[in-house]
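Common to both upcoming complexes is subunit A, partnered first by subunit B, then by subunit C.
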Partner chain A sequence: MTEPARLPTRQLLQPDLPAFDTRGVEPALREALAELLLTMADDEFVLGFWDSEWTGIAPLLEEDVAFSSLAQDEIGHARVWYEMLAQLTGSDADEIAFGRQAEEYRHARLLDHPRTDWAFSIARRWLYDTADSVRLAGLTRSSFAPLAEVVAKVRREERYHLLHMDAWLRRLAGHPGEPRDRLEGALTTLRSDALSVFAPLDGEATLIAAGVLDAPIAELADRWRSVASGVLSELGLPALAEGLPPLDGRSRAEPSESFRWLWSEFTTVRRLEEGVTW
Partner chain B sequence: MSTDDSTRPLDQPAPPQPATPPASGRREELGRLGDGARTDVFEVFRQEKDGDPMRHAGNVVAPDIELATHYAREFYSRRQESVRLWVVPRTEIADLSDPDLLQPPLDRSFKKPGGYVMRDKLEVAKRRAKAATKPKIGHPQ
Partner chain C sequence: MTPTQATRPLESAVWAALHDVHDPEIPTVSVVDLGIVGDVRVEGSRLRVELLPTFVGCPALEVMRTSVEERLRGFAAKVEVAVSFAQPWTSERITAEGRRRLRQSGFAPPPQDAGDDHGLLPQLPAADCPYCGSRNTTLENAFGPTLCRSIYYCADCRQPFEQFKMV
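Let's look at the complex of A and B:
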């Protein structure tokens, strides 16, 4: 069966996304890639929206600008992944990003928690950024060239996100009393959900066989645990949970109350009038 | 189109009630800096492109040099407008503004290069330089 060629109509609007021919990708791999891209896009998208909630109320003005900029970066990364997914599956990036019901999002459970307090947002972001950097490292030699190309760019931005988060983690950990207490509380709340970033994917075996992913996701989880645990134990902070990543770390029959609220926020304008061209 | 429920099409889900109400201000409980927090001013210099001089860009307020560096990056290069930044604690800058040292009251016009007519001398020098570009073997000048 041959499919009609699809013109890269959005190419001019999306300079970060390399053009690629979707016809060369066999259906099983396409499905597996689509699943991987959706989870990565949803992670970045949801984290970006949660952290944008700090705009205007961060602890100091400079941090307000910086943290908002980081949040915007994540939404920018989500945009590239959604665009790639749309090109792969012949759909529309905006439709995927804003057109789904709350229970259809595939972000990790770590990102179901609300913004909460500053220490909580720092703890969550640090856990996510360290996990994301391990995941991206596992994709750098991906046989799917467009993915490898974008991963290389995204990693360069995630590097300073990580530096920024590390500075805050150490800062809060180093101030006994309220800052450290709140940080410990947040890490205790998140210690098991952090593993959900590495929840297994249905198409994992296909991705490994095709050389997209360099190891099983459970192995990525181990790599992450050794990196993150090193820092946490150095600072005497609560350790990460033991065990394998939860099977249902990304699928949910019912979204959390807080995510349902966030979804209603980020789809507000979109839902004003269906199908309109903005 | 209104967001009022009475005009919302029936096929659209009702917006759920907020589970997490938006916070109200910078001074609220969640985001405050804390009693022991201290911030300093850091001056930021930026280089727009390779070879340009470092120019004063502005300053940031931060609790330490590490965060100051992150903030400088966000304030002065998040749109890729710099290739290099210098972040300097203001307390480390020697400030010199004494008018006796910088604007002495006596006439100093004799220290300025003005007053010399350079035009004719420049013409001669240019001619000489042009003649010298024709190389003579064994005589670099």
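Let's look at the complex of A and C:
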């Protein structure tokens, strides 16, 4: 038997992002952009892996397809943000995505919760998608062109996620008994952590001064709260928590046990063989 | 930059050759008709082609990039195929020929009358059934077998079909 032809090795994350010039970016702005990109990348990356936990076991075949597709979209988005971050900081996207310890990830605490049940996944995703759409809207006129370009593209894809989640939120809310009870329970559990998507960033003032972000993050949180609360109150569902986004919404001394487990799953291949290529 | 008299014939030849390259997920439509080729530029002995991803996470992009490189080998001393987000790919970029071929292969082309609504809850317009032309169709799943496709059902000819998503 002849040895099978060796496939060309490729990195886990393909460097598909066009190269951009980072020389003109001031160090303070570079640091602030890196922080913003890491939070956005980690959010999409972690959510994509939670979504993929439904592959094969979703309650309906159509949802098996949908959640697998959502997972692929989110990990695709994370890939571009990690690539952009790697170019900006002269590092490696694979290393950032897979090479960190669990406590170094900066995803919002909302995404620290496990997949749980179907109602919980819908509630969490609806909260995240509504928040993410407000965050992306705040970046559409970003002065940092590579970011603005990808945001324009990503927003067109994310509207399908939002549409799908909103249809499910209404479907569960409209069925008294177990569906609605579970949805209410999930929203009650998540009502304060939902705000963690808008946890303040150290470089926020720099991002606003440079025209990357169009408003303080607390203002984005208010925009989100008014949109999301409108829908929740229309459906008579548990309200969001009051108050400001938590200061430690993205950096916590201890990530949840669930996230530690997820981390061990998505880093398995990487940890089996250092520097492995796909 | 406008192409010079000398480079224009080469550019035309490149565009013609790119009609032979297909999206592996929709093999009946060329990358040109899908609007994926953003730019073809000849500068001296260098040929640069820019591809626009239909979806950010599209796994077929790398295959298309390789196919384009292979098809264009020999067209210039240096052939470079790059990916760009500078102009976002939108479903409006699919040509009339691309839409015709999509329909022919059983895909509804993306709707053209949807505008650029980024409200919280945009409404997706109905899809025309590619088999019987009926508008009496329902969205079965916004997500389909690939990132760029949704699943619909035609109540008139009772056929499930896919629509190329509007993005």
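Everything below uses one rule, namely that the second predicted complex is superposed on the first by the 258 of 278 C-alpha atoms of A that agree within 3 Å, B and C clash if a C-alpha of one lies under 4 Å from a C-alpha of the other, contacts with A are read in each partner's own complex, and residues count from 1 in each chain.
The rule is simple: contacts are C-beta pairs under 8 Å (C-beta built on N, C-alpha and C of every residue); 3 or more make two chains touch, one makes a residue touch a chain.
None of the values given here were measured: they were computed from a predicted structure.
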item	value
Clash or fit (per the criteria above) of subunit B with subunit C on subunit A	clash
Partner chain in contact with A:Glu273 - subunit B first, subunit C second, else both or neither	first
First, second, both or neither for A:Ala58, with subunit B first and subunit C second	first
Subunit B versus subunit C as contact partner of A:Ser69, first or second or both or neither	both
Touching partner for A:Ala131 - first (subunit B), second (subunit C), both, neither	neither
First, second, both or neither for A:Arg79, with subunit B first and subunit C second	second
Touching partner for A:Leu17 - first (subunit B), second (subunit C), both, neither	second
First (subunit B), second (subunit C), both or neither touched by A:Val154	second
Partner chain(s) touched by A:Leu111 [first = subunit B, second = subunit C, both, neither]	neither
Which superposed partner A:Leu139 touches (first subunit B, second subunit C, both, neither)	neither
Overlapping segment of subunit C (options 60-68, 96-104 or 114-122) - the one that collides with subunit B in the superposed model	96-104
Footprint overlap on subunit A, comparing subunit B with subunit C	62, 65-66, 69, 160, 163-164
Subunit C residues touching subunit A - in the complex, by the definition given at the top	53, 55-59, 61-62, 82-86, 88-90, 118, 120-122, 124, 140-145, 147, 150-151, 165, 167
Interfacial residue positions of subunit B with respect to subunit A in the complex	1, 3, 9, 12-13, 15-20, 22-26, 28-34, 36-37, 39, 60-64, 66-67, 70-71, 73-75, 78
Residues on subunit A engaged by subunit B in the complex (per definition of touch)	53-54, 56-66, 69, 101, 114-118, 160, 163-164, 167-168, 171, 175, 178-179, 257-258, 260-264, 268, 271-274
Residue numbers on subunit A that touch subunit C, as the complex places them	10, 14, 16-18, 62, 65-66, 68-70, 72-77, 79-80, 130, 133, 137, 145-146, 149-150, 152-157, 159-160, 162-164, 166, 227, 231
